[in-house]
Structure formats: structure tokens, C-alpha cells
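Dropping the structures in below, format is C-alpha cells.
What follows is chain A paired twice: with chain B in the first complex and chain C in the second.
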Partner chain A sequence: MRQKTAIIFFTLWALSPTLAQELTGDQIIERVDEIMNPQQMQAEMTMIIETSSGELREFVYQSYSKNHGEKNLMRYLKPSKLRGNGTLMLNYSDDIWAYFHKTKRVRKLAEHAKRQKMEGSDFSYEDMGSGNAFVMDYAAERLEDEKVEGIDCYVVELTRKENSDAGYSRLIMWVDKSNFVPLMLDYYDLKDAELKLKYLTMSDVEVIQGIPTPKRMVMTNTLDNSQTMMEINSVNYEVDLDDNLFTERGLRE
Partner chain B sequence: MREKLLRNLARLAYRYPWWILGIAGIVTILSILISQNLELSMRWSDLMPENDPRSIEFNRVLEKYKSASSIMIVLKGDEQHIKAFAEEAALSITEISASFNGEEEELIKRVTYKEDEDFLRRNGLMLTKTKDLENSKDMFSDVSLLPLMTHINDNLERTYIYSDDEEKLSNREKSDNAIHYLDGLKYWLQTMESYTEDTEVSRDRVLSAADRLLIGDLHFISYDHSMLMMLAQPSFPVTDAERGKIACDSIEAILADVGQKYPGVETGLTGMLALARDELVAVQSDMNYLSFVALFLILVLFIVSFRMWVAPLFAVAVLIVGVVWTMAFATLTVGTLNIMTAMFAVILVGLGIDFSVHIISGFAENRGKGMNILKSAEQTLLKAGPGITTGGLTTGIAFLTLMISDSRGMHDFGLIAGGGVIICMVAALMLLPPFLVIRERRQERRGRSTTYHPPEFRFIGAVAETFARGRVVVLAVMILLTGFFAYHTFQLAFDYDMLNIEPKDMASVIWYDSLMAAYDMSPDYALVTSSSLDSMRIIAHRAKDFPNIAWVDAITEYLPTNQDQAERGEIIAEIRTELEKHPTATEISTSDLDAILDELHRLWMNVVEMSDMAFQAGQDRLEGKTYELSANPEIAGSPDYIQGIIEKLKEDPTAALNALNRFQEDYFIYFRKTALGMTAPEPISLETLPESITSRYLSDDGETYLVSLFPEQDLWNMDNLEAFDRQLRSISPRATGTPPLFLAMIEIIGNDGKRATILAFITILVLLFLDFRRIDLTLMAVIPLVAGTLWMAGLLHLTGQKLNVVNIEAIPLILGIGIDYGVHLIHRFRIEGRDRVKVIFSSTGKAIMLSALTTMIGFGSLSFMTHRGMASMGVLLFIGVGTCFLTALGLLAPVFGKERTVNR
Partner chain C sequence: MRNMIFLSLILVLVALGNCKEPDFFGYFEPQLMTFYSHKSDDWALLNSNKLRLDIEVKPGKKVKFGANVNFYNYYGTTAYNLLDYLSPEITAIAQPHEQYYEFAYKDSIELDNVYLRMSFQYADVTVGIQQISYGTGYAWNPTDIFNRKDVLDPTYEQPGHNAVRFDVPLNRNVSMMVIYAPGDNWNVPTALLRLKARLGRFDFSFCGTTTPWKQTFYPVLGYREEERILVGGDLVGQLMGLGVWIEGAYNHMQLTEDFWEMTAGLDYTLRNELYILGEIYYHSEASSSSDDYTLNDWMSYFSGLTRTIGQSQAYVFIQYPITDLIHISSSIIGCINDESVALVPQLNYSLFQDVELTVFGNLYMGNEGTMYSKDLGNGGQIRLRVYF
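What follows is the complex of A and B.
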């Protein structure tokens, strides 16, 4: 109940046009962070990647998230080859484990693995489960507002903070003024701040349990023209997820 | 002024015909001699602007690094056969030579088809990355079977499964390493398994298994082991087309010769030199026969139209003279023909004949009216001459405006085609009247008279008259049609797929595709040079960051830094110490057999996990490789190789024990000796690297280094090409090679096409205004041209075709050609005046129709070229000439009938 009230309060606050006009880059990003990283979430998602031979491959998995994205667990449902395999990401993806159902073994990935591509997709682990990284790892600067497909957007440039371990030199985000959902996000190379690596588009936004939720995300890699599409098949923000789920034992179950 | 000149030209032809023809003959002989030096090059880079920095860098690199333009020799067949084939052919290919200016010259510097074996046997460990070396060092502690199997698993888990580097499998280089490792492992297990069977296992097989596990397969072999690539490094620059052709021909002869011993092996050539050679051969032979076909068809058309054969022969002779003079002009000005200028002869055949059409047509009409020879010649040049000179100069100058183009291809085309049209016009005006005068005099001396049958396309006059009568309807239909085609013109797309303009079914293109499929990378690569090893390392390291760079071929792969060498040296010393501790194999006991079975099961788990990781990462090649060792769950009944071995060993433990001990006995000494051989490396420096390696990366002067970057994707696709170029710019702004050059060329030629079209149009407007001195007449000539061009482009879209880098030059070209029809008709209109539409079209109309038909034959013959870019240009021009003629008829006939302001 408290959570619901908080969401309603937050949404009303976010929708207030008077306040919104005065927002700084940091404030906009904080609101984006709130929207994109709810306290808890359980979702079934479909991801489509392009393989090295150019074929499309579809994965369906159950995703669990807690503490505003600090803990994440993904468990594969389809295809049958991967059913039961899973990935556990803790501490905003600083710690990552993978579980292989057929061999019943768990492997731990290195800390810097969060910058690497996740499962051959154009998303990195960092893109998927780094929670409050926009706030913690980047300094935000508001640029001139623009429209994206007719929707009024704030434009915010996020520049990597010194000593941050973020995987990008900068990001440019177009945020829907009406609900603080980022509709578009450009990612720039860590070594070459002028080189755009990829861009994310989010669409099909639905308000689910009071939270504006983009149900479709497409990441386009500008370097090799590959695309990864991710769709939320179902989502529930009003779950109570046990902490034990986000453990090696939870990963194996 | 022009009238005086034309009259004098006619009088000169009458008075001194033999002199004129004699002088022309001498000039023609001289032209033939000069033209012997005219070269043909089919390199795409020759179309680039000479001062373009990318082009300069490309030519500089090719000049300094012969290895950058190696001829790729592809062998396809059984693995053992293609390896033996390569071994045998390599020696003969390095001995290829040819005689130039009396001196024998070696053409191939080196043939490479595998890594330097001696170097890798000594330095294999030193070249292994420090982290990987650390992971695998235990493998060498004791090479008896059980500890070896245990350490192989440890190594697999540290490097690929539980690695702290997630990109172990998602990065191309690392995925390839995993594939090669699994390949070696499979060969090792197969050899081990063969000991459990009754057959004798050869010693070579065992040694080979040890080598594959320790060093890997040294051959440049494809993933499926069915294709082998050999690189023949020429000793001449890639720009030398003559040597390139001889080298390619000689290699093919050797391949055919060696191939007799290996009937199952298919062979072919590809790469820059082979592609250029194949294009050259295809274009040269096409040009020769198509020029003759066009000439023959035009001659037949003339003979049928004029119902006589002597005058058409004169016309063809004059045309040949014009083309020969143009060849000399091209030799003296550009020296080399390129992809765009190679077809100038066929184009001139179609265009140059037009001048003769008007002259013979006029002369025939005048003689038919009973005029004497001098009067006929004078009247012909006075009546047809202004149209010929205005048309010829307008066309020529319109082409010459292409010289403002940035690209050398378009610039040279403008120069040669523009100059050629003017030269053919001069040849026709100077030489055809003397020919006709001589012919008439001879006939008169013999007491005969020539009966001229001027071509009578009466229907044109009738059609024009009908159009004039129903001018409102006709104009309305013409406007509607023009609007319709204009709409389709704006739908016309540009084809960026360069493969679509290459000659169809060209062997080197087919092998190019096969190579790309088998190695999963493009044989077209980018080149970056650097003057220091340090910057080379930065470039190579950066390039490996990018997802669609399949292979970074750099000297730094063979030359670790001093720090790396020091770190690796310490690990290698540890390996040596461990190896020395275990000089003999430990006999495998019954309990060891159980442990070996456990290790095999662990190996199976590792492979299954690698398979899942590869599947998740979309790494199809690696995933496929894992199914050679474990079952594919997607295929029912798929065999599980490792589980099969486990079962086999479990079936008869005594026999298994015996077999494994025999296997260990056979491999142990060689395996240990080979491993020890890799533990006493000398420090690697540039000086100690073998020449077989340095020659691939060092410039001929030994001062700079070359790195080649092979893209993963097909670069004939524009999106891939642009993506690859973006990565290159980020790696080094100086990156060059075929891919960035292609991209630059497309951009430059696209811009040139637009600019040249605008400029040609403006030039035409100015020249016409200078000629007619009236805006209304200028517009009357130009409007059908614009409409005809729109019809052409619209029809192109409607027939499912696209513009490309070759046929785009047809647009300014058609402006220069299509204007002639309006010019001739309006000149005649000025003479005849209004309401004379039937006369104008019956006379001038028939000439321009014949002229259009000859031009269409010339251009149409290009559509039979095997070079699809040139063929598409032929189709475009064929349609364009036809549409310009139709719009001139459809738009001018109604206007001529209506015109009331022009003086008779």
C-alpha cells in the first residue's frame, strides 16, 4: 500500500508541468532512474538477437529485480536448449554469476564483465542491470529540448564521471516530458567520445500498476548494424521477492 | 563566319579531295602508332581523384607494400589433398617469371599458405598471451595422459568457461581461438580413440595430434577444413596490369597442371589483381567484338536506309578514322582508360556516325534535285553544317564540362567523350565530302550517275503532321506522360551494391564469395600504416575492440613487447622446470582409468557449457564446432562423441587400459620434446623475426609497418561498408584500402553526377542561346530534352532498374546527346518557317531518326557487356536516346504547327 501511494505521489509530481520546466539535468535523470528502476519487479521478457550468420534467435526468460535494480536474476524459459539456465547480477551488475542447467554448474564472471555484451545481444550487462548508474556514474547536463516523433522531450547529456567504471564516455538521452520514460538513448565509445556505438529506442509505453513501462526496446549497434529487440510480455511491480532468490542457491532453483 | 567556313570546306573538298584524304591518312597512321601506348586499367581506385588523400595513401601503401595486393589462390576439396596441393603448387608459383625488354623478371616474391612452422615451434609459447599462458602452463607439468587430460580441462575452464573475461566467446578473435582449440582437441581424442580399434595407428597421425594440440593447424584453412587459401605476393606493383595478367595466367596454368594429380580439388583466384585481370579480359574482349557488332549493324542500317552501299562505307570509314584519332587523343591526354572510359569507342560509334547521316542525307537530297557536285557539297554543308556544328559542339562541350568532376573516372570520360565527339565531327565534315566528291567524279567519268535513294521515313512526316493537327490533345498527353515519368524519376533509387555492377559469373567474384562464406570474413580489407611499433600496437589493440573486424593481421602478433616477453619468459621457465621433472610417462593404472573417464566427463561438461554460451552469444561457428564433440539437443539422435568414447572405454576396461597406455607411449616423447622446444626461446625482436613474417608487414624500405583489417561482413552491402568505415575512422584517420576507397568513390561520383548534370544543362542553355539568340527557340530545344530525360529515368524505375556509379554518368551524357534532335529540328524550322511541319520532319526528322537509331545501336550494343555496370549504362542510354527522340517529335511537332512568330 505504501508503495502504491509512493508511486501515485511520484507520478503526480512528475506530471506537474510547472515544476518540470525548471528541472535540471540531474533532476531529470533522477526521475528517469526512479521510473526505470522500480523497487521490485517480475517480468517475462522476449529477446531477439542476430547470430553471427545473420539469423534471428529468440530467447524468452523470466526476470526478477529488487532494490531499484541492485539485484537482478534472469532465468531462461525458451528455447529448450537453454531452459533452466540463468544469470544472477548483484551490486548493480558488479557481480555476475551464470548457471548451466545441464551440467548443474555455476560460474562467476569477472567484475569488468558488466561492460561486455550480454548473451550476444547488443545490450551489455551494464545496460541491463546497473540500476542507478545514470545517477551514480554520470554527470548530467540538460541540453535544448527536442521532439521525438512528435513527443516533447528533455534532452540530457550524461558524461562519465572520473573514477567511474561506466562503460561509455557519454550518453545522450531523450526523455518524454509527460512520463519521464527515456524514448531514445545514444551510447558513445569509452575511448572515442565522438564515436556513437549504439542507440536504444523505447516504445509502446503503457502505465502498468502506476508505472509508465516501455514494453518494447530496440538496441541498434551502429558499428555492425545489428539489432536486439526486447519485449516485455508481462510485468508485475507489486511482487514481494525474497532475498534468497538472489543467491547462488536461488539461481540453481 | 560559320557559313563562310563551311562553304570553304566544301570547296576545298571539291578541289583537293586527294590531298585532304592523304593528309588524313598520314594523321591516322600516326594516331595508330601513338595509340599503341594506350593502356586499360579496371581498378576502381583509378576512378578516384588523383589528389584525394585517401587515394594517394592507398597508392602509396600499394607501392610500398607488395604484400598488400597479394593474389589469393583458393583450393577447395579434401583437407589432406588441398594441403598437399598447396605444398606442391607453392614451389612452382614462386618460380613464375616473364621476359620484359629482353630481361627475365621474377613475378612472384613469395607464396604463403601456412604460418612459419620453425618460428612457431620455437616461439609458440612466447606468442601466447600472458593470461592464456598462465591458464595453460599446468598442461605442461606432466604430459602423461591423466595429468594432461586434467590440465586440458583446467585450461578450458580457466580460459573459456570460468574465465574472468566474458568476451572469451563473444569476441571474434577469442571465439576463433576456442574453435581452433576444440579442433585440436577433437583430433587428439580421435587419435586416442583409434588406439581402441584394431587398426594400426600411424606414427605421423600421433605426431600430428600432438602438434595440433600444442601449436594448432598452421595452414590458412577454413573453419570446415574444406578450403585453403594461398597468398602469392607479387614482386611488381598492383598498378602494373600487364604483369598482373601474366602472373594470374601463369598461376592458373600451374594450378591446372598440379590439379591433374588431384582431380577432386577445385582451384581459383581472387583478390584485387585477379578481379582486375578478369574485368580487364572481359571488358577488352567485349569492347572489341561489340564495337564491330555496332559498326556492322549501323552499316546495315545505312545500306538499307540509303539503298546504296558505297556512301555508308564512306561513313563507317570516316567514323573509324574519328575513333582512331580519339584514341591517339586519349593516349596523349590521359594515357590509361578506366572502367568509365573503356567504353568510349562504342559510344563514339553510336554518336560519331550521326554527323555522316546528316551529310549523306543532305548530299543525296541535293544530287537527287539535280545539283552538280560542287553545288551539292556546298548546299549540304550550308544546310546541314550549322546543325552539325551546333549539335556536335553542344554535345562535345556538354561532355567536356564533366572535366570539372572530382573523380578521375568522370573527368577522363568528359575529356575523351567530349574531345572524341568533336574529333568525329571534324573528321566527318573534312573527310566525308572529299569521299563523296571522288565517288561522284569517278561515276561521271564512267558516264554513270549515282542514283541516290535518300531514306524515306514518310511516316515521320505524317505522324508529325497528325500531331500538329491535334496539338492540344497531343500536348496534353505529352505533359501527362512527362508528369507520370517525372513521378517515377523521383522514386529512382541508387544501387550501392557494387557486386551488382561487376561482370556476371566472373570466376574471381564467385571465388570471392566462396572465400567469404568459408572464412566468414571479407577478402576486401583496410590498410593502416605506422612508422612505429608502439603506435602499431595501439592500432591493432583498438581494432580488436570492434565487433565486425574479423581479423587484425599485424606484425605485433609475432612481436610481443619487451615487458610481455619478460613476463612470459618467467612462465615459460616454470614450464621448462616442470617438464624436466617428468622425463618419463607414468603408466596408466586401473584407478587412473577411472580418473581419465571422470576427466572425459568433465570435458563433456565443459563442451556443453561452451555450447550454451556460444548459443547465447549467437556464435554459430563455435556452437557448430561443439556439436562435433557433444550432442546437438535440437537434433534427435545426434551423436555425442565424447560420451561415445566414455562408453567405449567402459565396455572393456582391460582393452581400454592397454590402448591408452599404447597411445601414451607413442605420443609422450614427441609431445614432451615439442613442448620443451618451445621453452627455450630467444628474445623476439624485429631483427630475429623470419623474413617470411617481416615481408608481410614491413614496407619495402623497412621503415614502416602495415596492419590489415579484415571485416567480418560483406562489404558490397552499403550499410556494412558505412559501418566498417566508421570503425576505421575511429581506429586511424589514415586508414585506407579498397573499402574506404569504395565509399569515397561512391560519394564523389554521386556528387559529380549531380554537379555535371547541372553544369551540362547550363552549358547547353548558354550554347543554344548563343546559337539561336532567342530565348523562345532555346527553350523549344531544351524542353523536349528535359522531358526525354525524365521519361528515361522514369522508365528506368518502372523496369526495376537503379542508378549506379557507372550508369550515373549517362545522365549528363544524355543531355549532351538528346539536345541534338531539338537543335536540328529548330535549325530546319528557322529555314522552313511555320506550318511546314511535314517537310521539316520528312527531311530533318528522318535524319534525326536515323541518327537516333544509329546511336541506339551503339549504346544498345553496350547492354550486351558482361560488365553489368557498363551494360546498365548501355540500357539507360538506349532508352534515353529513344525517349529524347520521341519527346522531340511529340512536343515540337505540335508547336511547329502553331508557331507564327518566326520568320520564313
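What follows is the complex of A and C.
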């Protein structure tokens, strides 16, 4: 009930054009963070990679999230090669454990492991993981508003904070003014802030249990023209996830 | 034994017939291995086929049955004599009983897992044959009394062990694992207690194990069993951006010399995704010079009783994804005492969604009589794995 009230209040507040125009970059990013990291979430996702050989490869996994992205658990359902493998990320992905089903081994990974690509896709674990990265790792500055495919958007530039371990020098985000869903996100190289590495587009936005949810995400690598598509097959924000799920015991299940 | 396994399989399949949604999966792994024998001045070729068939079923929300059967088939040069790969000084004393050192790969069927896991509010209980792996080391795990990793291929699956295992979460950050493995004799089991906890960015654990330890002494082929009590611990976490870990154990032996083992390592992923891992290992009772290696040391190493022959070893692993489908990597393993090195270059090509091709090299570069002597047989392997 409290969650529904908060969502209604938030939606009314977000739709208020006078107030919205006065939003700073930080405030917009905080709203994005709230939308993208709900209190709890259980989802089944499909990731389709177009490989350099032109073949399409499909990965299906279950994703569980709690405390606005502070706890995350991911478990592969497909393909057979990865079936049963999982990743547990706590403290906004500062602590990571990987479970390998065929050897029944759990291995704690350091943060640098987030730099690796997720199964050869255009998403790194860093792109997938830490819920509050936009707020914690980057300083936000609002740029001039633009339209993306006819939709009014805030444009926010996120510049990497000095002591941050983020993998990009800056990000530029186009945020739908009506619901605070980021529709497009450009990623720039850590060393060359002018070099765009890849961009993410989010579409097929549906309001599910009161939360605007982009059901389709496409990451395009501008350097090698590869593409990874991610779709939400099902999602439940009203699920009650036990804390025990986000433990090594939960990871092994 | 085979009849028993087949009977078990039939019983399992009949039982599964009454359960809903059993999952069948696994992989087929044909492998071609070749290596050069300096003694016979010839290349040997060993081919194998492995079929791993997994079954998992959840008869209830808190109950899980899991099993996997491995079918192995070998052909080519399946038999060889271990003495052909050792220095003449070592083999001289074994010559009268040369036949005892012959080894043959035989077609076999093995169970790595046949277990029932029941989840209760305060514990998970797993009964049956199960893979048991713990410890923070990558190439060596001094606290793991059940397994010894192949340092040339340390992430390969380990065999299962017949045991009863209890996993008990004590609170959010502390858990306890208790294992009772009866082995050959109910009165002399292997028993393990391991406490694991989180503190800041680190996981650490303490463990105590007791086990009946069997040893064969070469060349007299004497046999002895003694009690081994292991007390150890491990730590893994992050320090200045690096992944770091340490694992060590003190072993009290009832009849032979006590010893301790330790491993420590670190890893890092660069921005360009180059992954680097380094690890060192020390065994207090192993020989510090190749002049002191004995036939018994070599045979204990080959049979998996010990993790080393030389006292100190170092391991380096480097991996880089050259495309989304191809990873290249190399392991460099060195025995610090005798200055011998083995190089394992590797190429991994993801051919299709569930088809992987791996090409390994096994290049031993040490002098005669050293731990990674070129006499051990340079060669390589081609491994294809098809998951289903």
C-alpha cells in the first residue's frame, strides 16, 4: 500500500511540468535511479547476442533484486553450457560471488571482474550490476533538452567522479520527461572522452505494477558494430524476496 | 560395479517417472591428446570420449535430487609405464618391478553426483555422492582434503564423494559446513567442520578435518594407513583494487612427519579485459632440491596423494578475449626450487551456441629429473565440448 501511494505521488510529481523544468541534473538522475532500481524485483530476461560470425545466441536468466539494487542475484537458465551458473552481487556490486554449477564451486570475485563482458555480449557486468552507479560514480549536469523519436527528453551528462572506479569517462543520457525512463545512453571511453564506445537504447515501455518498465534494451557497440538485445520476458515488482536468497546458500540452490 | 550403477540408474529413472519436470542435460566431450616420449622417441596418441549426463528434479519446493553419470571411452595409446617419463636415477631402483608402474586408461562409468538435498529452515542437508569443493586457492587448495586439482587444468570438474553434508547459516554473515564421509569404514570416517564468515570486503574461514590417510611406499610397495588431522583456513577479498586470497593448513600425521601447506594469490582485470592471475604454493615437507626427489615422491604426486614434489611452486594465468568468440590464454607453472617450468598455451573458440573447441599445449621445459622436466612428454590436446 505504501509502495503504491509512493508511486502515485511520484507520478503526479513527475508529471508536473512547472516543477519538472526546474529539475537539476542530479535530481533527474536520482529519479532515473528510483525508476530503474525498484525496492524488489524478480524477472526473467532473454539476452540475444549477434556474434562476430553473424550468428544469434540466446541466453535466458532469472534476475532477483532487493533494496533498490543493493542486492542482486542472477541465475542462468539457458544455454546448457551455463545452466545453473549464477552470480550474487551485494553492496551495489562491490561484493561479487560466482557459482559454477558443474564444479559446485563458489568463487568470490574482486570488483575488477565487472570489467569483463557478460558472455561475450556488449554488456559488461559493470553495465548490468551496481544499481546506484549513476548517482555514486558520476557527477550529473543537465544539458539542453532534446527530442528522441518525438519524445521530449531531458539530456544529462554524467562525468566520472575523480576517485570513482567507473569504466567510462562520461555518459550522456536522454531521459523521457513523462516517466523518467532513460531512452538512450551513450558510453564514452575512459581515456578519450570524445570516443563513443557504445550506446544503449531502451524501448517498449510498459507500466507494470505502477512502474514504467522498458521491456527491450539494445546495446550497440560503435567500434565493431556488434549488437546485444535484452528483453524482459516477465517481471514482478510486488514479490516478497527473502534475504536468505541473497546468500551463498541461495546462490547454490 | 557396472551392474550396480545401471541398476541404480534404472531405479532413479523409475523414481523420476513419478516426479514432475525432471531436467536432463550434460555434455559430450571428445578429446584428442598427443605427447612425445623421449624414451621411445615417438609420439603417443590417446583419444577419449566422455559423455556426462545430468538429471535434476525437484519433487518438492525444499527437496532436490541431482545426479550425473560420466561414461568414458578410450582408444589409441591407452597404456603406458610411468617409469618411461622419469629420470634413470629414479627409475633404476624400480626396475625389478617395472610392471607395477604400468598405467592404463580403461572404459568406465562413474558417478560424480547422486544426491538428495533437503532444505530446512535452519540447514540444508545433502546426502549421497556429491562434488565437494572449497578453499580460495585457484590452482592449489591446501584445506581441501577431498580433491587435488590438476595444475595444468585446475578448473576441470572434480569427482564426487560419498558423504552427508550439512550447510547451516548461523546468521547473515556466518555459516557452518559439516561433512561426514564414511569411506571404506564407518568407524574411521573423514569428518570436516568449516566455519565461514564475512568481514568487510573479505570472506574468511576456519576448518578442521580428520581423515584416514592411506599411503603406498615405493619401491617396496609397502602400505600404511594413519590418521591425518588438518587445521586450516582461508581468506579472500580485495586490496587496492586487486583480488587477493590466501589459504593454508597444518597437517598433524599420526605416524609420519607433520607438514603445512600454504597458497597465496592475486588477480586483476585490466580495462582492455586482459585478465592476470598469480599464485604461489609452499609445502614444508616437500624436497627443496631435485637431487632429493625420490621414486616415492613421484608416485605420490602421480597418484594424487600430494600436490607437489618440489617445495615451492608459482602459477601465472593470463587470458585475453581477442574476439567475442575466441579467448586466448596461457598458464605458466614453475617449480621454484628446481627452476623447471611448464607452459600451457590455450585457445578457446566458441564454435556455436553450445559447442566449444579448446586447444591446449603442454610444454614442459625443465631439465631431466626436475618437476616439470621435458621428459614428462611435451604435447597437446584438442577438446570439443557439446552441451545439451
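Please note the rule applied: the second predicted complex is superposed on the first by the 248 of 253 C-alpha atoms of A that agree within 3 Å, B and C clash if a C-alpha of one lies under 4 Å from a C-alpha of the other, contacts with A are read in each partner's own complex, and residues count from 1 in each chain.
Everything below uses one rule, namely that a contact is a pair of C-beta atoms (placed from the backbone, for glycine too) under 8 Å apart; a residue touches a chain by one contact, two chains touch by 3 or more.
Keep in mind that this is a model prediction, so the values were computed, not measured.
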- Task: State whether chain B and chain C clash or fit side by side on chain A once the two structures are superposed.
- Result: clash
- In the overlay, answer first, second, both or neither for which of chain B and chain C A:165 touches. second
- Does the superposition put A:103 against chain B (first), chain C (second), both, or neither? both
- Return first, second, both or neither, reflecting whether A:85 touches chain B, chain C, both chains, or no partner chain. first
- Query: Now for A:57: first (chain B), second (chain C), both, or neither, which partner does it touch?
  - Reply: both
- Regarding the shared-chain residue A:222, is it in contact with chain B (first), chain C (second), both, or neither? first
- In the overlay, answer first, second, both or neither for which of chain B and chain C A:207 touches. neither
- Query: Touching A:195, do we find chain B (first), chain C (second), both, or neither?
  - Reply: first
- Message: With both complexes overlaid on chain A, does A:248 touch chain B (first), chain C (second), both or neither?
- Response: second
- A:49 contacts which: chain B (first), chain C (second), both, neither? both
- Pick out the stretch of chain C that clashes with chain B after the overlay, from 24-32, 60-68, 204-212 or 222-230. 24-32
- Same chain A residues contacting chain B and chain C, which ones? 49, 51-53, 55, 57, 80-81, 100, 102-103, 105, 108-110, 113, 116-117, 120, 226
- Task: Note which residues of chain A are touching chain B in the complex, please.
- Result: 49-53, 55, 57, 59, 80-82, 85, 96, 98, 100, 102-103, 105, 107-110, 113, 116-117, 119-120, 125, 189, 191-192, 195, 221-226
- Task: Could you please specify the touching residues of chain B with respect to chain A in the complex?
- Result: 161-167, 170, 520, 542, 545-548, 605, 608-609, 612-613, 615-621, 633-634, 712-713, 719-720, 723, 726-727, 730
- Message: Considering only the defined contacts, which chain C positions touch chain A in the complex?
- Response: 25, 27, 64, 119, 124, 130-133, 136, 155-158, 167, 169, 172, 175, 196, 198, 201, 203, 236-238, 241-245, 267-271, 273, 275, 321, 323-325, 350, 352-354, 356, 387-388
- Query: In the complex of these two chains, what residues of chain A are touching chain C?
  - Reply: 49, 51-53, 55, 57-58, 79-81, 83, 94-95, 100, 102-105, 108-113, 115-117, 120-121, 165, 167, 190, 226, 243-244, 247-249, 253
